[in-house]
Amino acid sequence: MSVGEVLAVILFLVPIIGAAVVMAVQRRQATVGTVASISVVLVLASVGLLLYLASSSFEVLVIEAQDLYPLGPVLIAADLLLTGVFVLIGWRLRSVLIAGAAAINLLLTIWLAFRTDFAETGPAMVIDNLALIMVLITSIVGSIIAIYALRYMREDPRQPQFFAATLLFLGGMNAAVLSNDLLWLFLFWDVTTLCSFLLIGHTGTEAARSAARRALIITLGGATAFIVAAALALENYGSMSLQDFPVTGLDGLALMPLALLAVAAFTKSALLPFQSWLLGAMVAPTPVSALLHSATMVNLGVYLLLRLSPSIVSATSINWLVSLVGGASFLASTILAMTQSNAKRVLAWSTVGNLGLIAMCVGVSTPLAITAGIILLFYHSISKALMFLSVGAAKEHLGSEDIEDMQGMRTTMPFVSAALFIGVITIVLPPFGMFASKWLISSAATTFPLLIFLLGIGFAGLVVFYFKWIGNVLSAGPVSERVTLRTDPLPRMYKWTLGALMVGAVGLSVLIGPVLRYLIEPFIALHFALPIESNDLSLFTSSGTFPVFVFLLLTGIIFLGLAFIVRPGKEEISKPYASGEEFEQEFETRGIYFTTEATVAQGIKLSEGAGILLVAALIAVPLLLEVI
Amino acid sequence: MDLLAYVAQVLIIILAPLAVGLALGVDRKITARMQNRRGPPVVQPFYDIGKLLAKRPLLLNSFQVVFAGAALLFQAAALALFVAGGDLLVAFFVSGTGAVCLVMGAFSARSPYSYVGGQRELVAILAYEPVLFLAILAIGLEGSFLVSDIGGGLLYSLPLVLLTLVPVLVILLEKSPFDVPTAHQEIMSGPYVEYSGPYLAIAEVARWFQLAFVFGLVTLFFWSSDPVVSIAGKLALAFVVLFVTIVIDNITARLTRGRMVRFMLTAGVGLVAINLLLLFVVRQGVF
Amino acid sequence: MGRATTIPFGPQHAAFLEPLNVKLTLDEETVVGAVLNQGYNHRGMEYALSLDYRKSQYLVERVCGICSFHHSSAYCQGMESLYGIEVPVRAKLIRTIMMECQRLTSHLLALGHIAEAVGYENLFMQCFREREHVMMLVNRVSGNRVHYSMNVIGGVKRDLSPEAVKDVQATIRDLRPRLEELRRVFSRDSTLSKRTRGVGKLSRQAATEWGNVGPVSRASGIPRDIRQDGFAAYSMVEFKPVVREEGDSYARMMVRMDECLQAADIIEECLPLLEDGPVAVQVKGHPKGETFSRVEAPRGELFYYIRAKGTLGLERIKLRTPALMNVASLLAMLPGCQLADVPTITVSVDPCICCTDR
Amino acid sequence: MSMLSSSLKNLFSRPFTTKYPYEPADLPPGNRGRVLWDMEKCIFCRKCERNCPTSAIITNKDAKTQTVIRHRCIACNTCVEVCPTQTISMVTEYSKPDIAPTVHVFSVDLPRHEYRVEHLPRYEGRPKD
Amino acid sequence: MALEDKMRARSPWIMHFDTGSCNGCDLEVWALLTPRYDVERFGAINRANPKQADILLITGPVTKRCEDRLRNLYEQTPEPKLVIACGNCASTGAPFHNCYNVDGGVDKVIPVDLYVPGCACRPEALIDALVLGLSKWREKAAGTDKEDKG
């Protein structure tokens, strides 16, 4: 076994073992030790994998199943076991849907296992740059979240369960993105489903349980689509290896596996019409949300789409539907995000939107768009984790997640405010990473003029709901003493984790040139012509340039420089204008949410309806084509 | 030669906002005359800026200034990018950042009117940004995103897009019917309430840069291979658009924010769509 | 919902000419609560007015600069009834003419103010331009632009010379087409009607309950106009109160607009009735007894109660001014409206704080 | 739309604006501007002082002066009417702004309608208590 | 310096506040803004916001209730600023000298630079005051500038 293979195995096996240890020992101290050390291992292993791949100039690393020998059969056994567990859970929850879906999964898995003689139809694992990016995200961002959770969940009575699930989640996620064989992927897909179910329901309240149940129903439904797709792939393409998915000549029923996998991806990524589980998952503790939204779970869906992008690109009869689902999710979720005042809900909708955008990129199917999609995926996870964790920290202090309650946080919690601010500007504003992808998407979308209308309104909405929030955070009266970040009453653990993410979000934006060249382009180059060049200072496409570095420098100068130059105390400080009245005590403000709860519910229904139509069309098109 | 072009660009970047200042002066003069008044001299905006700079600074907190300065620099960067023949989309997003900075400045002052003004400015952004964005994408579809590569013909292929820039400018020029964010009689010029003296001047100049960028977009619609004709035509086009906004200002009352958003997202977006559709149909028919 | 925005609207605000404070509670931009806060302008005039009834002739004008002449007319009428004297017809006619001129200035002000409140700057300017014509006219006729100082107890002290009569005639003739032009704009302009129609509705019932007077009540369908009582020379002219049924800001605006035209009519009716004769009768001694007097000021019924005890000082003088009643009814109109409509609605009742607070 | 036509008409017609201060103010004859004393006629009966509603007049019988506080006079014309000797006249020019409330002192020493200019004391405001 | 002064003199922004007047003077102030007198000729516009105003036009005797508000607004106006008391009551409180709730004159509350007589003060008088004030402003601004340097 090569170093790369060892590292790959470490990446998913160690957390899983760690989970077992945590469950076995059941003591806080041991839990802390295990989680911390596993985090370190994960970070090191993922970086090691990066370096290893870099040393071979990012050649795709293929791991055959026999290299991993006893693992294969064990995993198939685990696969059956896990699906069985889902049947049981369905039984316990008295949910016909869950039990039925799980039963179908179980039967199909058994059938598939027999069909393939308990062996893989292709390489077990393929580590290309897309997988590498995902592993980096999961391992590093996931670890940071896990460490953060150590502090956040310190008083939780059921910590071992929580951390075991978290570690399992990370391991499963890593394994899923490395897997090439659909049955392997299916297993880890289900592992993430199980973990999300456990974590969402962790607090055990009524709301949590119903949210967990809903999440399970939807993601299990997705899993069913997945396994059916796997079966159809085996029938149609004669292989269950993702690598072997055909990239030409897809038509008729041969499109079906793709369509179903796309639907499965939509459920995981909570795109319309499946967004409800992610929104419901907001009842879980903040680290869970962070985990779901940035490091694991939802990424898996769009990862699958990106992974299949070479096939989707050629499937011209359905890729427009994929892009429409993505675009509709983006538009609807940005509009709905504007109407929310709960910070986590805002973030949740914005996650849906961003993932929709990625799905849209895949659907647009130009190399440029797919590049944009990967950039978005990469930077989104960092910024989103940062924002979620900040909200968690704010909640501990304020006791509320409502963005209206965050008013004036700048003076009471400067560190968290700075984190939120950086989170927002890295998501929305140029010249940070996410912006680069926005720019690329905009250019790419011109090949698909209908989408530019969704984008136009969506981008504006993005600005509105994020800045409404951050404006609230920054809104504060004159402060007599200078507030420094150090005075923030924040646990050290939070400061470190938030700080790391802040540095990551900004630093990687600075390094977008290398990120693009070394991380993203190798994957694109495998399948497409390179659409974009960079010289570390600027990005170039065929239709435009983006002088990243100039703008980063400018932004740095603007915010740091101005903040340094302009200090209170030099000028006369005056009272706010209140028509001549003294207004200090009575002042209170509330943002604009445009609409009422009822309208929001209606809007959600409407967009879900649209989503259902689109998804139905996605499944119907291959059938129709077959009939014709 | 290269150096010359460079110098010319720098000159344009400096002159464009000044031209906008002058245009605002002309605007005030024409507005006054339409109201049967004599009105201020056309260089009045410069007097105002000079006066403001000479006032003693007075502020609520330093964030206001940071954001006003940021707005100015971002808008200047957007204009610079535009003039240097850069990517329109990037310029647009950078200019949008400038607009957002102003909102942040308004929010950071903890004052009721400024806060409401900030909220309304966000609504205005929601109204005009999509249209501006679509207009730019339409330009990109027709020509190129690179200003230097665009060339002529936009006026004939995208007339409706040019038309949609008029309401955008109405919002940006803070004119009725869409001067909602700064509505003087409701929220006392909104986001600017808490700015005074030099800081107001900074915010104002930032707006000039933003307007210079949008007027720049307007001038893209005219192009001729003869540089003299080209420049004259561009200026004339910009003036015509300005005049239309002035007339609109003088014959309408301010509408509410809901109507503004609805108008921009239906009529504005719709016009771009119709234009693109027509273009598509005509192209299909011709070829 | 939790939080709500609270905003102090006034006392110093671009939409308000005078210090009125409306503390608004907003849910987003919808007004959910409004607290009227008056008294910024309370000077204590009723006390000062009761010190010397002769000097009060001039002080009553200063209760309000917009309808100063109505105030002094009401006051003088009251005093005249205490003295039990009949004012010469010419004086009555002159009072009527001046009152209508003042109604013109006041209504044009109110109309311009509404235009300004909805951000229609050009229309505001047009209204004030026409208003300026009337202001220049009254300056020529009375010698001052605002406080005419023409009323004395017993009549008027400044006669209308034949040239002045011609002047009035010419100016009104000139003004009429301009007013009609304005009326066209006010009634037809689409953006303006979007901002005023259906805004600040006050039903007939509510108007009765809140005790509204003047154009505000007439816009809600209550045909009440004190001028029909025939004080001054109103019994000598033909006119019908302008009534509209809608009860919204638009109706209030249009009632004022129509009353401008009506004022022009009344002035033109009065002018030919002017006959040579005395303009004042002398009064002797100090007044005694109690009385009340009413006139229809531009904003509605203006009511003076005077109790005199036969000395230079008055025992009690009490004003009930129209704006007091109308401003209060804002409380019925504001909740539920948009922040953007607050200026429109407040201005549409034409709040006149100086007399409300006096 | 009628606003459109009137706007355009305005644009091309002469503005309604006066040229003041570059041309004299158009004060109509009979404008009540300010009061002047012809001290030769005054008999110091104090009727004007007593009847002035704003106490703008101070009659000094000993010094033989009539003092009028311009910033108090509301040009009501009462003093003109009550003066038994038609000493006081009203002219059309209004009084001018000044850097302190102005007082004009008419005295028998001075020629007809001429006066000495003095100022009332200025207050510098009062800090908040 | 000279340039600065010139700019100042050409862009006096106005804030008007009514501290208990009878409206007569307020309307004359508004008349200033409208076509007949149009002070925008001199660059003056009504900002209605103390923070952006250079010239405070105060009308009316200051009623007790308006005192604090007036002081607030005055303090919110950045230097160099000019206060013009418009009309007799703002200058001396004259017509309302018998009223118990006024103290007589704006200068009892905040320093006043110019006093405009008249009841109501004619718009022409206000224009005179503006012209006079702008020349006076130069001295005042010189004072503030010196203060800034020293």
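Each chain carries a letter (A, B, C, D and E) given by its place in the written order, and its residues are counted from 1.
Everything below uses one rule, namely that a residue touches a chain if its C-beta (ideal position, glycine included) is under 8 Å from a C-beta of that chain, and two chains touch if they have at least 3 such contacts.
Note that the coordinates shown come from a computational prediction; the quantities given were computed from them, not determined experimentally.
Chemist: Can you list every chain in contact with both subunit A and subunit E?
Modeler: B, C
Chemist: Taking each chain's centre as the mean of its C-alpha atoms, give the chain farthest from subunit B.
Modeler: D
Chemist: Farthest chain from subunit E, going by mean C-alpha coordinates, please.
Modeler: A
Chemist: Could you tell me which pair, B-E or C-E, is linked by more C-beta pairs in contact?
Modeler: More C-beta contacts join the chains of C-E.
Chemist: Quick check: how many Å separate the C-alpha centres of subunit C and subunit D?
Modeler: Averaging C-alpha atoms per chain gives centres 27 Å apart.
Chemist: Between subunit D and subunit E, what is the separation of their C-alpha centroids in Å?
Modeler: 20
Chemist: How big is the gap, in whole Å, between where the Cα atoms of subunit A centre and where those of subunit D centre?
Modeler: Those two chain centres are 79 Å apart.
Chemist: Let me have the rounded angstrom distance from the C-alpha centre of subunit A over to the C-alpha centre of subunit C, please.
Modeler: 66
Chemist: What are the residues of subunit A that contact at least two other chains?
Modeler: In subunit A, 572, 574-575, 577-578, 580-581, 583, 587, 589, 591-592 touch at least two other chains.
Chemist: Residues of subunit E that contact two or more other chains, please.
Modeler: Correct list: 17, 34-36, 38, 41, 48-51, 68-69, 73, 76, 78, 95, 119, 122.
Chemist: Hey, what residues on subunit B touch two or more of the other chains?
Modeler: Those would be 32, 34-39, 56-58, 112-113, 115-116, 184, 188, 193-194, 196, 250-251.
Chemist: What's the complete list of touching chain pairs for this entry?
Modeler: Pairs flagged as touching, ordered by label: A-B, A-C, A-E, B-C, B-D, B-E, C-D, C-E, D-E.
Chemist: Which residues of subunit A touch subunit C once you look at their complex with the stated criterion?
Modeler: 402, 404-405, 578-581, 583, 586-594
Chemist: Residue numbers of subunit E touching subunit B in their complex, please.
Modeler: On the subunit E side, the touching residues are 3-4, 6-8, 10-13, 34-35, 38, 40-43, 47-49, 51-52, 54, 76, 78-80, 141, 144, 148.
Chemist: Quick one: which bits of subunit C touch subunit D in the complex? Just the residue numbers, please.
Modeler: Where subunit C meets subunit D, its residues are 52, 54-55, 57-59, 62, 122-123, 126, 129, 132, 136, 139-140, 143-144, 147, 149, 157, 181, 184-185, 188-189.
Chemist: Report the residues of subunit A in contact with subunit E in the complex, numbered from low to high.
Modeler: 572, 574-575, 577, 580-582
Chemist: Quick one: which bits of subunit C touch subunit B in the complex? Just the residue numbers, please.
Modeler: Touching subunit B: residues 5-8, 13-15, 26, 29, 115-123, 125-126, 129, 189, 191-192, 194-195, 338-343 of subunit C.
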